[in-house]
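One structure is given here, and the rest of the page talks about it.
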Amino acid sequence: MRLTVKLFAVLHQVTGVRETAVDLPDGATVRDLARALWERYPGLREHARTTAYAVNAEYVPDSHPLHDGDEVALIPPVSGGAHV
Amino acid sequence: MFEVTPQPLDPQRAVAAVRRDRDGAVALFLGVVRDHNQGRRVLYLEYDAYPAMAVRKMEEVAAEVRARWPVDGVAILHRTGRLEIGEASLVVAVSSPHRKEAFEACAYAVDRVKQIVPIWKKEVWEGGEEWIEGSLVPVPEAAEPGP
Amino acid sequence: MFEVTPQPLDPQRAVAAVRRDRDGAVALFLGVVRDHNQGRRVLYLEYDAYPAMAVRKMEEVAAEVRARWPVDGVAILHRTGRLEIGEASLVVAVSSPHRKEAFEACAYAVDRVKQIVPIWKKEVWEGGEEWIEGSLVPVPEAAEPGP
Amino acid sequence: MRLTVKLFAVLHQVTGVRETAVDLPDGATVRDLARALWERYPGLREHARTTAYAVNAEYVPDSHPLHDGDEVALIPPVSGGAHV
């Protein structure tokens, strides 16, 4: 299956990539995708502990099963709004 | 009204969007870019967002607000891109027949925006910059494996 | 910024008046004319005021706010004359480095405006009207007679 | 001494007067002024219990001594802001 991966904020900064495609065998989970991304972009690894995942714009656990065409976002800790 | 936009935010539009004829109160919050943070002089901020998901999460915040207070309209607007000192990055407006509910609901909505909406700010200061890591988003528990 | 005016109130002006570069939060309240009160359909409201004293009392409310919270700017604007459903009669804006203080101070200022500022509303409905009697103002104790 | 008296809201309504001049002997207090006004505008009497007084734009007790040129306002219960 083919997935679209989106990278934001510091994760965009450490990879230099905003969006990329990843091919994985059927049955793969978010955790499998994360491992594939760490191989391709080692800089993601140091943020792994604080990275959350969204599939098709909903937060999901690492164990979430992926399907062909899913849009997966890597979400660092959010910091919207002002400094208040 | 839920928007993620590179355009300047207009609080008056948010007020107009939330007010109903039965409402006597509109509480509004503006988050604005301030010139310092943790002792450092800030030059400007830059906001990144996942816009489609951010709008969905804003709708979720509004649904939480409505479940807790008898309020009418809820508007949440967030700006993206480079913002100078004094510009508004966040506008939250809540209308209600009564003022107490409007204030409480507005303050709650601001808290929740900062906790679950996928938006990020980068602080830029003299000679450096940093993406601010705010709230770890709450991830749902893994579903029980099937039989 | 403290004003009693027959002109429409502009919340954006209040925001601009209170914000300082060190502030990250502006809390705003708009009191708007609603279409009902105590089960009666309201057609419009008419506000009377003692403008010179009202402005002094608004300044007093702002001084109370500053004595209680570390806020920066406080603006209070009140409109007079005939106001239609949906128009803002009162705008209160408070800016602060932090949002919690801005919300609390703004809500407190709204309460105090309603208690001590010499402004009155007349409710006009189908076939009748009535000056609304709100808060008895707190009158200082008589001074002790001298020796 | 001569005083300027201002009437607002319901007190303006029951008297039909927005502003009037009142002459009182020296040494008069707010209470003396109130009695003089009740003679002139009997409609004020039924609001006496809820009327407060301001002299030169400050709330004062009934016992407050008046001086020539003072501006005295009759203040019914205030009701600024919206119905909220």
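Note that the chains are named A, B, C and D in the order they appear, and that numbering of residues resets to 1 at the start of each chain.
As a convention for this text, contacts are C-beta pairs under 8 Å (C-beta built on N, C-alpha and C of every residue); 3 or more make two chains touch, one makes a residue touch a chain.
These figures come from a predicted structure and were not determined experimentally.
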Quick check on the contact graph: shortest path length from subunit A to subunit C, in steps?
1
For subunit A and subunit D, the contact-path distance works out to 2
Please tell me whether A-B or B-D has the greater number of C-beta pairs in contact.
A-B
I'd like the Å distance between the centres of subunit C and subunit D, where a centre is the mean of that chain's Cα atoms.
23
Distance between the CA centroids of subunit B and subunit D (whole Å) is 49
Multi-chain contact sites of subunit C, meaning residues that touch two or more partners
24-25, 31-34, 97, 99, 102, 110
Expected list for subunit D, residues touching two or more other chains, is 82-84
What graph shape do the protein chains here make by touch: line, ring, star, complete or other?
other
Contacting chain pairs - touch in the sense defined above:
A-B, A-C, B-C, B-D, C-D
Looking at the complex, which residues from subunit C come into contact with subunit D?
31-34, 37, 42, 47-50, 52-54, 56, 78, 89-90, 110, 113-122, 131-143
Can you tell me which positions in subunit D touch subunit C when the two form their complex?
6, 8-10, 12-13, 50, 52-54, 57-64, 73, 75-84
Within their complex, subunit B touches subunit C through residues 10-12, 15, 19, 21-36, 85-86, 97, 99-100, 102-103, 106-107, 110
Would you pull the subunit C residues touching subunit A in the complex into a rising list?
24-25, 96-99, 102
Over in the complex, which subunit A residues touch subunit C? Could you list them?
82-84
